[in-house]
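Here chain A shows up in two complexes: once beside chain B, once beside chain C.
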Partner chain A sequence: MNSLEPSLPSETMMPRLLSQRPRSYWDNVLASAVRPWAVKISVAYLVALSLLAVLIPFIANSRPYTVVVSAHNSMQAKRLYPLFRSLTRLDLIVLVWAGVVVWCVLHQWLTRKESDLVRRRQRRWRVMILAAFAAIALTTLIGIFRHNVLDVTNYTRLVAEGKAHGAIFAPIKWGYADMEPLRRDLINKMPMPGHPLGTDGQGRDVLARLLWSARVAMSVGFVSQIIALVIGVFCGAVDGYFSGIVDLLFMRFVEAVEAIPTLILILIFVATFGRNIMAIMVILGVTGWTGYARFVRAEFLRLRSLDYVAAARAAGLPLWRVLFRYMLPNGITPVLVSASFGFAGAVTIESGLSFLGVGVRPPTASWGQMLNEAGNPATVFRWWEAIGPGLAIFLTVMAFNVIGQALRDAIDPHGEAL
Partner chain B sequence: MLNYIIRRLLLMIPTLFIMSFMLFAIVRFAPGLAHPGAGGTTGKLNSRQAQKEQELEIKRRLHLVDRFGHPISVPMQYWLWVRDIAEGHFGMSYQYDEPVLTLIAQRLPVTITLNLIATVIIYIIAVPGGMLAAVQRGRWFDRGFGFLTLALYSLPSIWVGSMLLGFLANPQFLDWFPAAGIHTTDTSHMTYFQYLGDYCYHIALPLVCYVYGGFAVLSKQVRAAMLDNMRQDYVRTARAKGVGNWTLTVRHIFRNSLLPLITISAGVLPGLLAGSVIVEQIFSIRGMGALAYKATFGHDLPVLQMVGLVGGIIGLLADLITDLCYAVADPRVSYE
Partner chain C sequence: MITSQHSNSAADASANRQIGEPLLSVNHLSVHFPIGRTLFGSPTGVVRAVEDVSLYINGGETLGLVGESGCGKTTTGRAILRLLPEGSARISGEVNFKGVDMYRMSQRQLRPLRRHLQIIFQDPAGSLNPRMNIGDMIAEPMVVHGLADKREAPNVAGELLERVGLPAAAAGRYPHEFSGGQRQRIGIARALALKPDLIVCDEPVSALDVSIQAQILNLLEDLQSELGLAYLFIAHNLAVVEHFSDRIAVMYLGRIVETAPSKELCRNPRHPYTQALLSAVPKPEPRKLDRRIVLAGEVPSPAKPPSGCAFHPRCPLATERCKQQMPPLEPKQGGPGHLAACWETK
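The block that comes next holds the complex of A and B.
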């Protein structure tokens, strides 16, 4: 069905094909994985969710992009930019890194037709290193010079009372923690005009919180899986290459980590190292690497007996270079599958932890926490607050699972397991 | 065969060792070890001398110092900790001021019973489902089934639990099921069968939460195993000699597909144990998961450590039993 091995072209076709960029194994896998419409929808959904996670301060915010405050209390009329002024450090750092990723992807896409492979690869590396340096430098600068501004002015009321005009508000006029303190009648309300998904027990807009939660879910999934990936790939590679007694002991270690029920292991870490979003990311990474290690180990066990590895060793290359520059690119593909399922698992576990009350701290919004706040269901059950986050977790996890399954089918068309 | 069993058992020893050391190390190097509750004394002490005495006593009980107050090396601490566990001293809970062993002995049966019932139900509904999907391969039933299993696999149990509780056990909507616990508060007047009925009534919703995820995983495995066997030569032979469709599916293919099902059973149980933290929290069931949850909030490290250890040992045992079953069930696989 999916022919992954490129068929050998006949002699007459060779010149034309050589002028094209050769399709690598990766290209083939990705091309055949993305073919089904379900995968296309999933990818689109996840891209949209990532964009939402980055741009959310500009979408759901109680402060207007710009507003003219009228003259009062001996003050001049003045044009302010409250939304930009109150962007937090985190917002800016996320924006910087997202910008860097977009830059790298754009660069890849723009140079995709370049025929000189070596030059292309060099340029690609140069761009990526430059981008990483730029991002780190900017992050440091933000960390030093930017201070979070707490702006408690109620601009909606200012505009309503005629003390300000010319305000341009974000599409959703509430942030994740904005309540309506003087309006008791707007607490705990079902969907209505103005609050399309209703309000929660503290008068906060459910839709705004739902959208803000995407940031927590995506960042926890992303960072934790990168940590898990680094640990897992490194351990699996070393283990698979050396095998023997190292392998025997290391696999016992993996078994030991896997034997303890995941959530209980995570709870132990949470109880020990405290609970905040950074700790959750690290903990999910530190407990979730075994799958990667198994996959990479299996690949390396297969690869280590191949001739090109022996040739690389015989040529006197250092071991790390053989492992990570020669063997890893050939053994990394199954890890994509694992990463996809791992991301889904991280989103589930993060929401579970937040649901239990040991995840992100309030008032930061997270889907799990919203489900938790939807009520002690036995007494008050705010279904309007429960349906959205649950659906969001479900769709996100499902999207990752669909992609993971498609990748697995593309890599191994005969395997049928979930 | 005997060799294989012995080797398998020997391999378990280092795993057990590493796991216990990991749990020991996490808690040993955590901040706040010499917690006042650690010694199991609740009385208030006023004089500085008495406080020092108590601290020393706590350290002694945790094997941080020997009885003369000299510090003990970490490997020796670990050894003493293991010896304590072997003797049945699991330490004292900070929160409840009770031995951890008592707490676990109270809670473990609740969780294990629920999980076993869930596992049985999973097998009962997943096996026919997977078989049907395999037989109908490529037709609408199979496609719908594939989508359904993927969707069920992705459904977060926190959502399912909240919605079930919110809509079906809530006076606001449908008050059909009890909202908490595994039996009515007062069961003294009930006959045995009434009690059993009461129990089933209470665990219905939690069971749904346990079952649907495992159903997705297992039925997918059944389908894969069936399809794998359908490609084999012996199926063609059987068909050629005139074996009927039904007999072929049930007697020939299904029997040979049973092996992977044994393997997966090990994966189901630890997964359910981890899931029990959330399900027990939603439905207010006082089991191991709820114990771990409360302990997390109370910084009750000895309890968490032991819950982790017990969970880990159950996981390892499930693994072991699976491997042994596999070895017994499949004479084609040779183990030297």
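The block that comes next holds the complex of A and C.
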């Protein structure tokens, strides 16, 4: 009936059992969660969106990967790499961390067939810790040594005027902020060749801005939810394990945090310190962990009376091992379900704030801001600028909800999968 | 804290002196669970799950602890290991293991001692961490206690699995891939990994088929003779305990009502409750004369235990005195070390 509980092998089935690959709980959950086609599409969509968020400077950029520029007063030509030279500090840091994540996932995938599980797990941990350290070190180095290069050269025009040649451009020849100031006729245009989604009121390419917005949406979701998860899981775990007076006091604190109106806090912050998307992520994180803490606490209250937790304590394992190796892996699933809904919520909040003009700072592109600009001034409504972001917000939120729902069904042994 | 000592200190002290210092001695252990909470967290009632229990176990011997469901046997076992969740119960009395009082130490100080005192659980499915493969589960405690280093621990775990009758290659598997009997073997292997002196077996066979029960009991017996283990064997089935134990203690509603060497208890039960339990054991050759004692009524709630002897509402011999006064656990006729708590039997 349920794929999570395969029929129990009898004593005589041992040889057959041993010939199969071991299947952990997560193998089973993922296999059954990803089965419906809607989930597959959602996962694919989100993977694509994440890739887009990381690789967007290479996809939509007005600076070519490489170009040969003939200098003014000499015949000597020079090969330049403007796109790589103008990568910002943020671009590099995002790339480093994405690289770490991809490397860890790849390593897990490559080592999945190794037979000695104990050693494999140790190696996995070592790889992840090393990767994290490398990423932190690189981030620091980039933060210190990398300076953002402002390159306002219009390479498209240089090429058109014959002052440069051999240019290799990104698939989309515009960044989020590039306009065509010399061509007034390209402002406010419907979709056409060269601008598949048209241009906005300042002559910027709508498609480029739509794609760049994925970075804002994904990073708001990721950063805020990771902050919330770390605080929530840690507090909930400690609280649920100790209970008693700790629990009593802690739950009052949680209620106090829950009483903080997040949106109003963000508005006050923006009014005082100006628009800052990083601060918004942090505020969303430090006010949004209470739900996770409640989930983890409830799970830990249940788990701590279970036999295998008692066995771990009876074996004299240190407290942190009992908490984070025996209890947390068994209590984390409802949190993950809730996190995928939380991610969707963060994306919606960011869009809403940007729509109201308190989110990202222009000219940074964000879906909410594009929606706002599509109807601004109120006399013209650029439907081509509204349709993309509207659809993107809808699809992103829906993808997270579909995945959250599928995870919830997969971990619930009693419910029928929808 | 609860202070309720009036009965059996003299009796069990003398028993202790005869044998010398036992491996485990439990003195006047009481476990009370607060129930219901007011707004400010003070309890509105209390469940007396274990009340004034004293027992001892010598090295290499088996003490059977028998009683109905809900009589406090499991709680006693957990309390001995100090496994009841912190803050959930009020515990008084002493649990001396290897001359150290388990409740006078911090959890941190307790950790090295825990290796000598292990537990096997009733529910083989619930006692294994579903997210961990069994090799890790067995190897991890050994590494933590320094009994094996990281490199050799997986091999030792494999050997242990073979010792309990599973292939060593099963180490990479997860608990849900095994049957009930196999899981119980894994639980035994995990307990053995730390080379304990005493294993609390909390109804280790009651969730298994009869044929598998025999296998597991034989395995436990083999291990005992091989490794000199002591067992506290908790069961609700006197038939299982009878052949397995050196001594038996019978519990009723949180108290020990009778304790005696195994054969003596079965041949000459003094407490009416023990007699009723024994009459419920199926015999290979039933005789007509064997009268089956069927107890009337339900087990009373440990939140509201009856006055006097807790057994009096169901006891065929009950008198006025039984309703008012609690009988002490005192020596009765028969072999040495035969104690029972009853006013009406000699």
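Just so we're on the same page, the second predicted complex is superposed on the first by the 354 of 418 C-alpha atoms of A that agree within 3 Å, B and C clash if a C-alpha of one lies under 4 Å from a C-alpha of the other, contacts with A are read in each partner's own complex, and residues count from 1 in each chain.
Going forward, a residue touches a chain if its C-beta (ideal position, glycine included) is under 8 Å from a C-beta of that chain, and two chains touch if they have at least 3 such contacts.
Since this is a predicted model, take the numbers as computed values, not measurements.
By the document's definition of touching, of the two partners only chain C reaches A:Asn330; chain B does not.
After overlaying the two complexes on the shared chain, residue contacts for A:Val397 are found with chain B alone; chain C is out of touch. By the document's definition of touching, neither partner reaches A:Arg126: not chain B, not chain C. Within the superposed three-chain model, A:Arg35 lies out of touch with both chain B and chain C [touch as defined at top]. Judged by the touch definition given at the top, the superposed model places A:Gly352 against chain B, while chain C stays out of reach.
Of the two partner chains, chain B is the only one that A:Gln405 touches; chain C does not reach it. Of the two partner chains, chain B is the only one touched by A:Ile260; chain C is not. Once the two complexes are laid over each other on the shared chain, residue contacts for A:Arg313 go to chain C alone; chain B is not touched.
Comparing the two complexes, no residue of chain A contacts chain B in one case and chain C in the other.
Listing the residues of chain C that touch chain A in their complex gives 41, 78, 81, 83, 85-88, 107, 110-115, 117-119, 121-123, 126-133, 135-136, 139-141, 144-145, 150, 153-154, 166-167, 169-174, 176-182, 187, 190, 194. Chain A meets chain B in the complex at residues 249, 252-253, 255-265, 267-273, 344, 348, 351-352, 355-358, 368, 371, 374-375, 377-378, 380-381, 383, 386-387, 389-391, 393-394, 397-398, 401-402, 405, 415-418. Those residues of chain A that touch chain C in the complex are listed here as 4-6, 8-11, 14, 17-18, 22-26, 115-119, 121-122, 242-245, 248, 304-308, 310-319, 321, 325-326, 329-330.
On the side of chain B, the complex with chain A involves touching residues 11, 14-16, 18-19, 22-23, 26-27, 30-31, 149-151, 153-159, 162-163, 165-167, 169-170, 172-173, 179-180, 216-217, 220-221, 223-224, 227-228, 270-271, 273-275, 277-278, 281, 289, 292-293, 295-297, 299-301, 304-305, 307-308, 311-313, 315-316, 319.
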